[in-house]
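Alright, structures below, take your time with them.
Each of the two complexes below includes chain A, the first together with chain B, the second together with chain C.
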Partner chain A sequence: MKQFIERHTFWAVMIMIAVIVFAWALFAVWPEWLIDAIGRKKTFVNTLFNGITLGGLYFIVASGFTLVFGLMRNVNLAHGSMYLLGGYIGYEVAEASGSWFLGLIVAFLAIAITGVLLQVLVFRRMEGDDLRQTLITIGISIIAADLMLAVWTGTTYQFDPPEWLYGAVNLPIISVIKSSGDAVYIKYPMYRLSVLVVAIAVGIALWLFLNRTRIGMMIRAGVNDREMLSASGVNVQLVFALVFGIGAGLAGFAGVIGGTALSIAPGEDVRYLLASLIVVIVGGLGSVPGAAIGALLIGLAEQFGLAYFPTYGVVLTFIIMVVVLAVRPQGIMGGR
Partner chain B sequence: MDTDRLFNKSNPFAAIPAWSWIIGLLLILYPSFASDFFTYQIGAYSLLLGTVALSLMMLAGYGGMVSLAQLTVAGLAGYLMAILGDNSVGVMGLGWPWWLAVIVSVFAAAIFSAFIGAISVRTEGIYTIMITLAIAVAFFYFVRQNYTLFNGFTGFAGVEPPTLFGIYWRDPVPFYYLSLAVATGFVGAVLNASRSTFGLSLMAIRDNPRRMRALGYNVAAHRIAAYFMSGIIAGTAGVLLVWFNGRISPGTVGVDVVIDILVIAVVGGLRHPIGPFLGAIAFVLLENFAIDLIDRERFNTVIGLAFLLVVIFSPDGILGLWKRLRPKLRLGKSVPSAAAGTTPTDSHVSESVKEV
Partner chain C sequence: MSGFVRKTLVVAAALSISGTAVAQDSIKMGALATLEGAFTVLGEDGMRGVKMALEEFGYEAGGKKIELITGSSDASPDSAVRAARKLVEQDGVPILIGPLSGSEGLAIKDYAKTQPDVTFLNGTSAAQDTTLRAPAENFFRFSTDGAQWMAGLGEYAYNEKGYRKVAVLAEDYSFPYTQVFGFLEPFCRLGGEAPIDARFWVPIGNKDYSSVIAALPDDVDAIYVALGGADAVNFLTQFEQAGGELPLIGGSITVDQSVLGSKGRTRQFVVGTPSAGPVSDTWDDPRWAAFVAAYQKQFPDGFPSPSLFAHGYYINTKAALLALNEVGGDLSDGGKKYREALSNLEFDTPTGMVKLDERREAIADIFLTEVIEGPDGNLLNKTIKVIPQVNQTLGVPYEKFLEYGQVGRENPSCE
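Take a look at the complex of A and B:
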């Protein structure tokens, strides 16, 4: 930290100014001219929180995607289908058992098992042939989308989360001060905040798993040098199957979380595939911290785009991707 | 003298094998024995899809760059036709003369394609698929939510081809010949380009970019130029596609269609420009007649399964299957299987290498 300030004094000052401006915009009551310029504070704060929570959801989806790629160099384009399938399975289980949490757990396990089976039955047979693996995942996603449409039809499904996740909480942020002198606090849905908490928990859990356990150590070694890892006596195939299981399971897990925050319907698979793709392109393929940064950026860009320039919202996301590719083709946190 | 000229080795027609003359004759005579439905919905449509897939085959087969955004490039050209020319929706429709609209649309599509190339060219292999897929999906969402330029969810209708020389070009037979001419022209152009210095360097870059860079070739420039050329092919096909359908909407550039193009190219085979057309014919036939075999709703499952089987068992597609079967069929004759096993592209390569 100190070293950074000494080396890049200019940037340190700029970052500090940005943080102060941001904190002011967040906590102060906005003056008239600012409201005239960019609209009400409530819109801004809501968009900001929507962006951050959406980023959290994207992180859960994309972390699995990037984990699988990092170790196996396998771009799983069926990741979106796994998200959607997880959502449907979670919905069925939650409906049948009446427990939303059971749905969440079963969705994770079911998709994790699907992932392990895919790895063992299909991808192991064509190791090292990236292009063919990718084409196969495309084929799987075509079939999966069609079969899911056949089973669950085009209806939109809405989850029924537990009581205490309903409702809104007051954020400690004042939106306006009424003429009577009372401060009006901004309300935000409880469930969306818990999505953020879950995303942070997933991030911390992944970090602990990768950095503090023996298996995590093997995975990191495998990312650096697969052959060497197997030469040192580790059963690489087992590690691969495990990682694929976790990566796919995270997609299914996100299916229930995201399905509750928004809804589950055909076409969502493509949306989350696109999100994962852009998040990992921006953040750097194979890097979990990169996925967190990318997810936050893309989530914010999407929500601010939607709120402030509705018909050109996608362009903002696209511009971020192009700029990152132009400056750092390997992504913000990408190695190599 | 004249005969010498005719059978000179430098004559480009001498390189065309006899069987392709027969196929060409069949294709020209096709409308005379096929019904309007078969001429237009099957014949012309296969040719158009095949042309879009050809632009992908050119990039993937010769350049090693699997771009999923080829249909998006074609879609942009189609949208531009509706925006610059006339449409019946009442949004945009600047009313330019058709020839100017066509030129600008195709050129803009080629520029867009070169731009996609410039974005993805610094990364390699699997990244190309991811970036181009992201661009294709982003374009789909963009045209769906943008109402000022692209008329959002509804898109455009009433995009008409011109009436020229007293012929209305959307009538089945004229349109079939138009598509056939365009497709043949581009197949010839791609084959020719593959034997040119540019094509050879592109293939060399596909096989070993680092070595080519070391030899002083500008790898990125070659790749972007290839994207530009494939953009011309895809853009032209896009113009014809919007004339074929008469309308264009976000569904036309949707992800499923984008992937269909990849399926067509891979199922047909990426080794020779004829491959995409074989794939397109198989795809269109299946699309139209699969209802008789299975539930129409499950068409995508059939397509997906066919694609999976091809990727798993015959990575070179229908062409590869043919290459593998041919030596077995000729077992009686003493044809060395190695010679029969070489693909046309390979023989072209060796031929041109000798010339160089």
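Take a look at the complex of A and C:
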């Protein structure tokens, strides 16, 4: 920290100023001229939170995707189907048992098992043939989409989360001061805040798992050089199956989390696959911190686009992708 | 391999020749609806409408058997044209029912102009210009358009509800443009306001409305929402979660059965939302009651009450079958006589009499409704008023109506 300030005094000052301006924008009551220039504070703060929480959701989906790629060089294009299937299974379990949390856990486990089965029964047969594996995943995603349509029809499903997660809470951020002198606080949906908490928890858990456990060490070694890892006596197949299970399980988990925040319906699979792809392209394939940064950027871009120029908002996401590809083709945190 | 292909081709050719021979006593009918994407549920209900009409006629019209071939699109114009081409050019259907969504209708109308011997009947697509400007000779719409569906709602919001200023949230394509126009035209003529910068247009299939909800202005009396299918479900849930308190005014497919009947939390807060459209769940008319009973009997897994998609597809299919009866199933002249019969057709539907104007657009009754909670907890649309025989130009002469300009994001400007 101290070194950074000494070496890059200019940038350190700039970052300080940015942080102060940002904090002021968040907590101060906005003067008239600012409202005239960029609209009401309520819109800005809400959009900011929406972007961050959507980024959290994207991170949960994309972290599994990037983990699998990092280790196996296998772009799992059926990742979106895992998301959707997790959502449907979670819904069925939550409906039958009346417990949303049980739905969440079962969705994670069921999709994790599906992932392990896929790895053992399908991908192991074409070991090392990355292109073939990727093409197979496209086939699986198409078949899975039609099967799910047959079972769950095209209806939109929405979860019923526990009551304490529903509704809105007041944030300690003042939106405007009324003429009577009362402060109006900004309201925000409780559930979306919980999504953010869960995403951070998943991020920390993944970091601990990868950096502080023996298996995590093996996975990191496998990312660097899988031939060397298997030569040193590690059962690589077991590690592969485990990673695939965790990656898929996270997608199923996200299916319930995302299905509660938004909804689940046919077509969601492709949407989240596309989102994960963009997130990992921006963040860098194979890097979990990269997925976090990418998810945050894409989430913010989507939400600010939607709020401030809804018609052309979609373009913003792709501008980010184009800029990243032009300036740093391997992605923000991508190595090599 | 090429030997196999050649053999298949020969067999296919032989089959198609024998197919035309058999066609003497059966007629193929194509039905096209959105069975993919954000409007899947809507398309499924549309197909139920087609099957209801066919069932009613015992899959027979004009002394010939009707063979139903279905096609699927995803609400994008190119997917609709692709599916229509497959039905017309590969399956060789002489009659096509569909499509479901507004911009699909515009594309199919243009496609219809290239297939003069095929007769096209609309499904439920309700963009205004499908029939208003440059209509196709062989495209018929026995279901009304999105502006007709709004008849009476603008007046009701201004006079009865007392709203003076509204924000608008709608999907960004031709059908919601038509609906917004139909609602705002009378609302603004009476003196209501809908500022251009308080109109939000989102893409079809948008899931996350939280930022749009945050951007909605505080100083309006109500929000006019024209979203459909999964989009409407997502918006309503997020609006409730965000603690939204403004009253809503619904487009025809925003608070209909395809949304009210969806799985999950019941949306009590939409009770009282006014809307208007071609159907009303609680209309106490024996024709409607019989239609609802037939729907519930035939499709126990359908909605509690048929949506306007089942209704629109049913009416258009029924028109197709009635006209076939009239010409005795004779399409040998490229369907000329058949289309003449269609143009002059006037018949009784579950929602009253329907007939066509000179651009082959329906003139029919429209219902002004309000959401209530039904006896068994289902949300329903209660009939407030029936507006009889609404035509496409909303009562003004054709030439004058054209001066209002094409529907779009800023029409009417309300200034």
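Structural remarks
The rule is simple: the second predicted complex is superposed on the first by the 336 of 336 C-alpha atoms of A that agree within 3 Å, B and C clash if a C-alpha of one lies under 4 Å from a C-alpha of the other, contacts with A are read in each partner's own complex, and residues count from 1 in each chain.
Simple rule for what comes next: contacts are C-beta pairs under 8 Å (C-beta built on N, C-alpha and C of every residue); 3 or more make two chains touch, one makes a residue touch a chain.
Keep in mind the model is a prediction, meaning the values are calculated, not measured.
In the superposition on chain A, contact of A:Ile136 is made with chain B only, not with chain C.
Contacts of A:Pro310 after superposition on the shared chain: both chain B and chain C are touched.
Once chain A of one complex is fitted onto chain A of the other, the partner contacts of A:Glu302 are limited to chain C, with no touch recorded for chain B. When the two complexes are overlaid on their common chain A, residue A:Tyr166 makes contact with chain C while staying clear of chain B. By the touch criterion defined above, A:Tyr185 reaches neither chain B nor chain C.
In the overlay built on the shared chain, the residue A:Trp207 is in contact with neither chain B nor chain C.
Within chain A, the residues touching chain B in one complex and chain C in the other are 149, 310-311, 314. If you check the complex, the residues on chain B that touch chain A are 66, 119-120, 122-123, 125-127, 129-131, 133-135, 137-138, 141-142, 145-148, 152, 255-256, 259, 262-263, 266, 297-301, 303-305, 307-308, 311-312, 315.
Within the complex, the chain A residues that touch chain B are 73, 75, 77, 130-132, 134-136, 138-140, 142-143, 145-147, 149-150, 270, 273-274, 277-278, 280-281, 285, 310-315, 317-318, 321-322, 325-326, 329-330.
Residues 39, 42-43, 46-47, 50-51, 54, 149, 153-160, 166-168, 187-192, 262-263, 265-268, 271, 302-304, 306-308, 310-311, 314 of chain A are the ones touching chain C in the complex.
Here chain C touches chain A in the complex through residues 35-38, 40-41, 43-44, 172, 200-203, 205-208, 210-215, 229-230, 233-234, 237-238, 241-243, 262-265, going by the rule given at the top.
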